[in-house]
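What follows is a set of structures for review.
Both complexes shown next keep subunit A, but they swap its partner, so subunit B is in the first and subunit C is in the second.
And now, the complex of A and B:
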């Protein structure tokens, strides 16, 4: 990974390809790479869809190596949804492939002068970019099929669906998984709209003829990797819970904890959540004769394998095993308790290229506005289909919960910095509320997953319903996460490294053996802080203040059943999160 | 004006009426009253449609007296459009009537628990509030007809149309004129949505049995009023231009100056602007046998009389003589050069209760997105009709240009703080660009009308295409305007008081004779600064920074023909406007 691919989409005479050396960006990966480039090169007050914005796609520091779990990729830009900096993170195959091809980042710059749609092809021989308007308004599934027909089965794709082409603020970027399906998404913040504004429909990657990135110290690397994998297998979450039931293992847990946002964040438990739980999902998948759970990683080198496939009633592939966040967003939050409906919604979102969290939150807001009844699955499907059609209603919904709430006159809209909250009510898990409020990313559970310590007993224990200890917890997690997001490692390794000192040491050893450095835990922390500071600085220059680090007022006033609790962390305390 | 009427719409058991003494608010009027109450009583981070927001309606200091031009009224709240403080200002009869009834302000607080629509009736005997759901989704014209049938012809109404009931951010509040037509609007910032969120459809005012507010010193008052009126009659703008052609006298002038935003701010001149100019409008109105121009003031006591009536082709009343801003917004900005089309759009906006500036800017953005062709009048009419229907598209458009641009993926959206720019391109009149950028209100020409000095040669002369002198000009105008908006005086008096020292002195004498004070010019300035500071402070607490005091980037990059000029005032200079 010794080069950066820059494509100026707005160059005179058509897109211009440039291969840059790493320069100042040497040593950075993933989120550290995307956020550093965006903070340095994008004017913070620019329009997110303008030529001044840049879309940065960066494999992690370890991506392309044989390190376990190292296949995550980061996408960065100024967000059309939040107006601040954005790093959206995805699995899939492209990260490993780009790493093997030596690209530390792809940077899409400028804006095409004509209204054309481009395909970019990258292999060991170089980079090619062509107009291909036949791709116009294809869904991600059809698009990938077309790419397979043109380039064979050994490729990986980074693409947008209709939502990205329409430049909707809920648009995602899809990354194909090991089965070459567009099921892994950099979902949050409208990164797909920025790719759409650059006129790029798909980046096809073929890593044939490349090999894994070699470590500086192969023996130490191998040993550290072994210890790291053993640590992941040993921990109950990464070794048992996630493989057995996938991320959806959380549904029953969070609902029982009274922190499961139900009916547009009106209740903290969903009465019929068992019907859509990970347990029910596993039973259904197994009964339908698919490969069942615990069969899929989202990328080469995954050993947790928390994914699977979801077959429809007729036994045909419908979508990947639906993730917890999606089951919640399209399920409990809309009072829908039918896994087949939820899986169809997941498939539609993946195909249109939409963030499932944002869409679920948006449909619930639309339901509160009376556009459909809570619990009406067919109505929810029809609403999401509007986005694919590009109808006025569809464009509105595809623009996310904040705008939908404004246009439909709804006051109760669960967003921070314009981005919808994920599947944990901040009143029931006060620590995640601190992360939602103060993250540079808008409401984002992955930015500092306090649920681990508030509910799951990982990394110690902080009582979920009390404000005490949440600031420090969220701060430490946000710092650690920013670092992990830079390594290319799946965030789920955090469960094991938070609880098992030797697994954290194995991770450090792995990084050091690979890079030839001798980083300590403090160095990793320092990297996390550096990333957050760059992001905060960008947001400040974009006009964000501490008033943006707040939950909507109603979380402080409306009591959430069953605990009948409001969000209790004070504004003054929230302002201490980023004091480091 | 010794009392404040407060109605808590959210009280247990239904709305609760309370008559307050003035207390801390004694001596304030108009904008000084609304902004002081909002800044003091509304939590700056509250949701604009929440129970915590307040809608304040306040006659000016001199309203209800016999002072000429004193019938303007201010409406204040936290704006659903900008997220900051809002004062929207209107003519019509209610200001004089409320003044005579002794109300210095009406404050609507809280939020009804049930989904009911209320009518408030105010006369000399007191205040009555009743549920009247038969008013639901009436346009302002039908509503006022209904009120006339119930309460006779001597009333005045303050009301919302369908847009306000739908809580759209482009919704206005209508004030009836001397002919009891809902043609005068507090247009900007979505104040109608806040009235809608309070569940109040209409406030009916009957001032029968009251008399004009008596001045402290009747002889001085009479004399000062005479001098003041003479001054207004003497000045070419207030004595000739405005009476002869109405505000639309500006169309030819601004287009010739190359500052007339045409085709969604792409050009600075409109080739066929003569067809929609004030001159053409006067000819048309006279030819159709109506009362012609120079026949209407918008309120009792107006001596400029810049309004008139617009009859349709069959000689029937259609709307008031359409104002310059509306002729531009629905005309030149959309490349529509047909006065009959524009008048129909004005009528629709008034009926649905929509800000004509915001709607015109929004239609132009929709045209740029391809929803209709520039110049297609029937398509524009159809689009505005969607708002009245409450269709999804209509709700979107009624939410204003900023949100419409986001949902339709348009980058060139001429807004500041989310509010659409009025009828002067900030590149062609750099002084008004400074006001747009730095006003507490979002893009607003009335907040500091630098066009006067940049183009019309009033109040001295500052070259329109150069950055030099614009900061000081805008600063002084913003301060003076905040003061004038507090007196209840029509802002058009500014032309005369800026050019004629004796007319300014007559205004001071008028205020002093009325109130028994001895204010100097410095005191008036101090009042203006005090109002602006309260507004700025509110906005800061709501999370605004200097980044919000900026024009969209493209005004700094895209050259405006015919002068081929960008906005040249630097960010650093903009940050000096409010240093006083």
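And now, the complex of A and C:
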């Protein structure tokens, strides 16, 4: 990957394509690439939908090679939802294909002068960009079908649905999976709205005639990849739990812990969570589609295979295996305990191009405001359909929980920096509340992930079961996560590298054998810190202060049943997280 | 009330759902979690150590299975290791335990109770898959409403895969079973697997 594709959508005479060398961005990938470009090139105070914002799409450092789990793709910009820097990432096929084509990043700049919609086509021969207004207001599924009809079945697509075209702050960017379905989304922060503001409906990628990226040291690479795969397969989370049940295996356990936000964060347990658990979901999927339907990868080279296929009652494809966050957002958070309803909502979100976490949180806020009753699945479906229609109500809902709560007069709105909280109540697991509050991204569960802080050497000496440990852990996790996001590896490798030192070493060996470098754990840590500092600096220049690193007040006042606890971490402690 | 069902083996995983809702086990006195699981229920030490990595006692995450005491009326939930940051946080004695200190089990001295001790046991995910068949074949005491709802929700599958039903020593048809109101009762369910 030795080039950056820049397209100035606002150039005189129409979009102008430029192929840059990597320059200062050499050696970067994934989140390190997107956040560094945004931090350096985007004016922090610009309007997120203006010509000054840039949308950066970057494969991981190892994408396009045969390294296992290397297919994550990162999207960066100034966020229309939070007003700060945004990095959202996704699985799917485009990352591998862009890597094989040699692109370290695609940067969409400027803004079209006319109200046209564009299609970008990239293959080994170059880049073509055309106006195609026939794509206007197509959902992601119909859009991809149209691309298949035009370009064949060996492509991958990066696209927006109606929500992105309407520039709604809850809009996602879709990435097609191995079956060429638009099921993988860079969901958070309204990145789809920024793509919509650039007038780009779809980027079609065709990697025919290219080869996998070759490692600097093929023998070492092969050996390290083998050890890395073996490590993932032997670990009980990556080798058994995730393949069998997917991420939704968390539902029963988080509810049992009393940390499962239920009824718009009023309760910590959902009485009928069993019905929407990962166990019930896997059973249903396998019963409808045959054994193995609940185990599927989202991109080639995936070993963990935490996804699956959800068929409807008649045996027809409806959506991919719905993930824990989505099952929670549209399920327990809205008191809906019907997997078929939740799967329909997931399909609608994917089709319209919406962040499922933001939409679920928004529907719950709307339910609290009285727009529908908690537990009414059909009403939830109707509300999401309003977004696809682009009605006034739909545009409001598609703008996210914070805006919806403000307009509808709801006090209990679970957001930080304007972004909805994911599926863990910060009163139950206070350490994740620290991360929600202080992340550069707004409330984000992946900002501080279970990466091997101890192995990476950033954990220090943390006393277990002491509240002050939460600050240090959150800081270290945010740094380590930024580093893993930059490699483009799936975050789920975290469990195996946390527990198995030899698997972590295999990952380092894999990166080093590929790049010809000699990275150590300290180097990876330094990369994570560098990314985080760049993001913090952008947010500071955009006007964020420590007052933005706070949870909504009600988390400090309202006790969460069943444990009847409030959020106890002090503001002074929160301010220490980024003290490095 | 007692119910014995003879079912095809591929139907057994359907029953894991009710094991996740909880079933009652009886022991002679209060004891540690480890004692209950390994001595009373015969779960191998190594299995407990390696596979049951997430444990809740009355909804609180447990780190030390020797000092946490199960009393009459306790709810004990067992799970394999969980994904995600919060999953890792909940793991017993894990590196991230500090992040959930507010919901960690505090090993206060328990009130020991001699005589019958009833414990509500929940099995989740891989633990239900691995230990569930044995519990179901030995028999479990279930909340009648949970069982009634389960039969109702899975009626078509049970009708197809359940070859014999014995309720309180009498054969019964599935549809007739649903007409009996046992929702306020505790029912002893035992599964017999077809060869």
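Keep in mind that, in the parts below, the second predicted complex is superposed on the first by the 556 of 580 C-alpha atoms of A that agree within 3 Å, B and C clash if a C-alpha of one lies under 4 Å from a C-alpha of the other, contacts with A are read in each partner's own complex, and residues count from 1 in each chain.
Keep in mind that, in the parts below, contacts are C-beta pairs under 8 Å (C-beta built on N, C-alpha and C of every residue); 3 or more make two chains touch, one makes a residue touch a chain.
These numbers come from a predicted model, not from an experiment.
Q: Considering only touches as defined above, state whether A:550 meets subunit B (first), subunit C (second), both or neither.
A: first
Q: With both complexes superposed on chain A, which partner does A:52 reach: first (subunit B), second (subunit C), both or neither?
A: Only subunit B; A:52 stays clear of subunit C.
Q: See if subunit A has more residues touched by subunit B or by subunit C, and give me that chain.
A: C
Q: Once chain A of both complexes is superposed, is A:244 in touch with subunit B (first), subunit C (second), both, or neither?
A: It touches subunit C, and subunit B stays clear.
Q: Now for A:279: first (subunit B), second (subunit C), both, or neither, which partner does it touch?
A: It touches subunit C, and subunit B stays clear.
Q: For A:568, using the defined touch cut-off, is the partner it touches subunit B, subunit C, both, or neither? Pick first, second, both or neither.
A: Touch status of A:568: second partner only.
Q: So in the superposed three-chain picture, is A:492 touching just subunit B, just subunit C, both, or none of them (first/second/both/neither)?
A: A:492 contacts subunit C only, not subunit B.
Q: Can A:167 be said to touch subunit B (first), subunit C (second), both, or neither?
A: In the superposition, A:167 touches subunit B alone.
Q: So, A:259: does it touch subunit B (first), subunit C (second), both, or neither?
A: Once the two structures are laid over each other on A, A:259 reaches subunit C alone.
Q: Within their complex, state which residues of subunit C touch subunit A.
A: Contact set of subunit C toward subunit A: 13-14, 16-17, 20-21, 50-51, 53-54, 56, 59-61, 63, 77, 79-90, 93, 95-104, 122, 124-126, 128-129, 157.
Q: Subunit C touches which residues of subunit A in the complex?
A: That would be residues 236-237, 240-242, 244-245, 247, 249-250, 252-254, 256-259, 269, 274, 277-280, 283, 287, 306, 324, 424, 427-432, 434-435, 445-446, 448-450, 453-454, 459, 462-467, 469-470, 473-474, 477, 492, 494-495, 498, 562-563, 565, 568 of subunit A.
Q: Write out the stretch or stretches of subunit B touching subunit A in their complex.
A: Listed in rising order, the residues are 43-47, 49-50, 52, 80, 166-169, 193, 196-197, 391-393, 395-396, 399, 403, 406-409, 411, 541-548, 550, 552-554.
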